[in-house]
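Next come two complexes built around chain A: one with chain B, the other with chain C.
So, the complex of A and B:
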């Protein structure tokens, strides 16, 4: 049996390093398109201020990108170092999109980012713009392949278990590729990144405008960020809505948990605007409901039902019983591959094998499972409702708050007035952390909401870990925390320093802080 | 679609190609990084050194990441067993690598000399530790690693971190470090001038000599002192195999067997020697451009020597040889190998194409004058 502590520490380490990595990724995803837009304007109009904008925001982009690269390698490594059984069990399917990401996307963005920074004098304007564009495409393709891999964890299509190799094997690559779950995640996640990039440029530009410096530079940056941000925030809300959640069982479970829907209501279900979930009694102590809304956004119909938690659990109970038979038969096959009886039972129940494996958390010997252990496994199949419910509401609330800001910012910049109102600039400045908060919450909802599985219905989280000592985990976790804290301090210090210096840091002699820049940059 | 056996062999070759690509591309900038504090004495000299690789290190590092991804996709069991077994060694590589992206990008953004010197040493660590550890890891693979699987194919590493640092493995670490330093120094000779170039050339000669010595010593030790592994039971290379259902024997001299069976493979170690000697000669007669290619051939020779000696083994188990991982049974399914092959056939040439273009755009020597004129835009 695997120590609970080992599992918890492995999860903590993965969650901490993934959330940390995701501080840098969204900004990269979004800012890279802002650079493309600014540079396109430069190439089309020939106005040098747009070149300076590309270079200055590119500098900040580079400071962020460096940490994105640094912390991304951690995640690739960690599948092998800390999730060895996971890597073995699903590597045949999951490894491919990761490798394709490297070949198709990461090479592209990383090769061209070098030319983006150092190729200004060696490339024609059009060539340099093409370099920036390829870098942007590479970055976004990267996200695509990672989310195809992640989508497969939520909805494992196109694969089958092989008892000789004791793992999942690919049967239909196109099913993995066009998995609705992965595609929905991709558009939602990159849009969230675009919002982050737009908010960053909007906030920093607002700060310049509040200080009354680099006005022309800041106004143009503000305008581009406001327009791009408005489009992106609309897309993140529309494409992120819960229509994606009707695909596959994992998402139905998540939906029920994050909406605190204990019972299956007659269609169309009502929406819990606010509720106080009570996990022990499986009900909401208090709820403000809006009739119909849940059914409409969840199923886009008035007739389809959305299953509640209690019904999902009962279905899972049956699957655990069936999966238990599969797991016991598999043990026999592994001892004697010619055991025909065991194979017959296995083939009959193999689609539920993952549910049987949930019981391994409670017993080493599956032939002596008690009803009490089955109950515990059934309860495990639903993620904790309270954190899901509130994370989701916080994320959506932040999304609408940003929508309001971008609408006003876009209106202000398009209305042709000479100055933006100061309250708007302040609002924009103080909204800087919001997209990061929303992105991290989104990650929590997607990944915490997948528990108790690493691969929904196939592989439980507690089996997926490498069998390391608890001491090793404490050691590595401490190392990551140490390194990442120092790196974050350095990164934020540089970010603030260069944001303060502003476009003067380019040393072109055209901007306000140029004297300081010459002395310090 | 190729048959399964052919695909397994193609993927053994492809993983080799990616590792060699990693050694050539990321290797030269790791070599440059390892030499940074020594061949660059003043701040501006160090900036020259860093800027020889500034536009390329990021793309080059992807060879490493893609190599890892390819092993994950093609040999998932190797990926799982090696990364979790070598836990602390892999974390040391990872943490050392942390210093590179930030070191390159942040170093010259602040003028304070302590800030810059700190990052110089960080870049040194980030560039010198990974090749050393990879060499040590190969040294351990050649001896076999203590691991086994249970019935569900969960892997257990039963050794300690410290036993990885045994004499033969450390010698392999020396081979690996010197070949990377050698390669990096040839690149510096090509891309710098004046004092820096003179120092780099000196390093080329020294590292070349040490490389010839250490590679020969490791070869002799391997031939006469390290027992190899051989497959005793027949395996069906065309089937999806249970990796623990075979018999493996540990016998003296087994790592030489492939050279006896296929004498042409002797060309592989010969290539390693020829590459070093040729590169030395070319640097001597002031043709570092071709010398860099020769140095690349040396890397291909050294890495392939390890791979050919072990074939079909990838990761032998010293504690339970029957659980050793081979190219026949530690691989992905036929469909995955096949799809990944087509993806590689399309994208690897494309990568080579645009990488060459990037090098062409940024070609030429980096000079002190260039750094001073572009104070705000170079590293």
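So, the complex of A and C:
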């Protein structure tokens, strides 16, 4: 049997690289639309300050893009090394959206990003705006295909296990494409990216306003960021609710763990605003509840029940028994493909095959499974409640904090006052890390909450990993973390350097740094 | 092109080149030698614990 240390290290390596990669991605996703907005205003009004805004924020966007691009490649390395069995088992399905992402979206955004930076003097205003728009579409298409692949991991529709080839095979591409989990994750994730872009521009503009420099430039940037951020943060909240609803449909275990719902309550269930989950005794030691809210959010009705963890476990126990029969029958089919009895049993239970495979963590021989091993596999079907519960509340709390900030920023900018209050500018400045924190927490909720599966209900995580040496995993983990840390340090250095230079770095002679330079000349 | 832009271009180019070199080194050190050969039989053994089927049943 595979060692738990190997599984944990492989998971840690993937999590660390994905979390680092996702520090770069949301800023790219969000800032590119801000560039489209700023340049559209320039094309419509002809006011050159909006061109300067597009060029200056575009420069910071370019730094992030240059350092962020290819940081996802280490994840692809790991599919071939650490997750070779996973790649073989589901590669036919999972590989398709990743390949389309590379061929369609990545080339689109890479081509137009070059034109964006070097086409200012070669293209007409309208043509350049079209380039910026296509760059934005390419960037967001990239996210679409990645999240379609991830959505399939969360809810594996449109595919079937083929016992002859021992892999999952695509049966319905459109089901994978329009999988509700993938679509809900896409709109929620890109909206979170838009908030990140808006917060970045809002924070840096606030810093200029606090310093009293480049006032007109900063006020216009602040205004666009506040309006775009407000729309985006509202989208994140509404679409996050939709994402939660689809989770409730496809992954009851995740929803129950998120809400620390141990028992099935009469509909509509109450919402645990704050609770101290006690995993050993399967109860909450303390809870502040709001009646009805969970039922309304989770089911969109007042009559449908949301199953609690204990009931889900009992259902999963039945599925493990059923899956065990499928796994034993599959082994017989592998020995003798003409065994009609085994084939009949397999066909009857194959939808639960993945649950039977959970037992392979505890025994190599599925014909000698003990009740104690089944109990352990049943417990494994629920992700750890405490980290899920608190990660979710922290993410939602940050979301509402940002909503309050963007509401006040939009109000301040629309009220026509000459100066924004300093406390608001300071709040905006110090809120800069918040969207990244929320994005990373969202990733933890989605992926940690999918455990113990890599493909929900189909392939357990512990069976997906390659049998590498622990030493090589420690080595590659250190190498990857070192690589990303250097990139992050360079990114922060360049961002701070060019943010401090401000729009004066454009050399137009219209901004503070230019005027200071002229005065000193 | 302004001096600051030229400097940024140099810095970004250097960062991207160094990044690609670092990725190549990581690949050489940790990936190339660790690629795992998988086929139907090894997946069956690793995931399902199934023994390799007899030759006749494969055909």
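Here is the rule we use: the second predicted complex is superposed on the first by the 504 of 521 C-alpha atoms of A that agree within 3 Å, B and C clash if a C-alpha of one lies under 4 Å from a C-alpha of the other, contacts with A are read in each partner's own complex, and residues count from 1 in each chain.
Here is the rule we go by: a contact is a pair of C-beta atoms (placed from the backbone, for glycine too) under 8 Å apart; a residue touches a chain by one contact, two chains touch by 3 or more.
The model shown is predicted, which means the values in this text are computed figures rather than measured ones.
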{"item": "Clash or fit (per the criteria above) of chain B with chain C on chain A", "value": "clash"}
{"item": "First (chain B), second (chain C), both or neither touched by A:162", "value": "first"}
{"item": "Partner chain(s) touched by A:490 [first = chain B, second = chain C, both, neither]", "value": "both"}
{"item": "Partner chain(s) touched by A:66 [first = chain B, second = chain C, both, neither]", "value": "both"}
{"item": "Chain B versus chain C as contact partner of A:99, first or second or both or neither", "value": "first"}
{"item": "Partner chain(s) touched by A:232 [first = chain B, second = chain C, both, neither]", "value": "neither"}
{"item": "First, second, both or neither for A:365, with chain B first and chain C second", "value": "second"}
{"item": "Contacts of A:119 with chain B and chain C, given as first, second, both or neither", "value": "first"}
{"item": "Partner chain in contact with A:173 - chain B first, chain C second, else both or neither", "value": "first"}
{"item": "Contacts of A:110 with chain B and chain C, given as first, second, both or neither", "value": "first"}
{"item": "Location of chain B clashes with chain C - one stretch out of 3-11, 93-101 or 201-209", "value": "93-101"}
{"item": "Footprint overlap on chain A, comparing chain B with chain C", "value": "62-63, 66-67, 69-70, 73-74, 77, 80-81, 84-85, 87-89, 165-167, 331, 334-335, 337, 466-468, 472, 475-476, 479, 483, 487, 490, 494, 498, 505-507"}
{"item": "Contact set on chain A toward chain B in their complex", "value": "55, 62-63, 65-67, 69-70, 72-74, 76-77, 79-82, 84-89, 91-96, 98-104, 106-108, 110-115, 117-120, 122-123, 162, 164-167, 169-171, 173, 331, 334-335, 337, 466-468, 472, 475-476, 479, 483, 487, 490-491, 494, 497-498, 505-507, 517, 520-521"}
{"item": "Complex contacts: residues of chain A adjacent to chain C", "value": "59, 62-63, 66-67, 69-70, 73-74, 77, 80-81, 84-85, 87-89, 165-167, 327, 330-331, 334-338, 357, 360, 364-366, 459, 463, 466-468, 472, 475-476, 479-480, 483, 486-487, 490, 494, 498, 501, 505-507"}
{"item": "In the complex with chain A, residue positions of chain C that touch it", "value": "2, 4-5, 8, 11-12, 15-16, 19-20, 22-23, 26-27, 29-31, 34-40, 43-44, 46-51, 53-54, 57-58"}
{"item": "Residue ranges of chain B touching chain A (in the complex, touch as defined)", "value": "54-59, 61-62, 65-66, 68-70, 72-74, 76-77, 79-84, 87-88, 90-91, 94-95, 97-98, 100-102, 104-106, 109-111, 151-156, 240-243, 332-333, 335-336, 339-340, 343-344, 347-348, 351, 354-355, 358, 361-362, 375-378"}
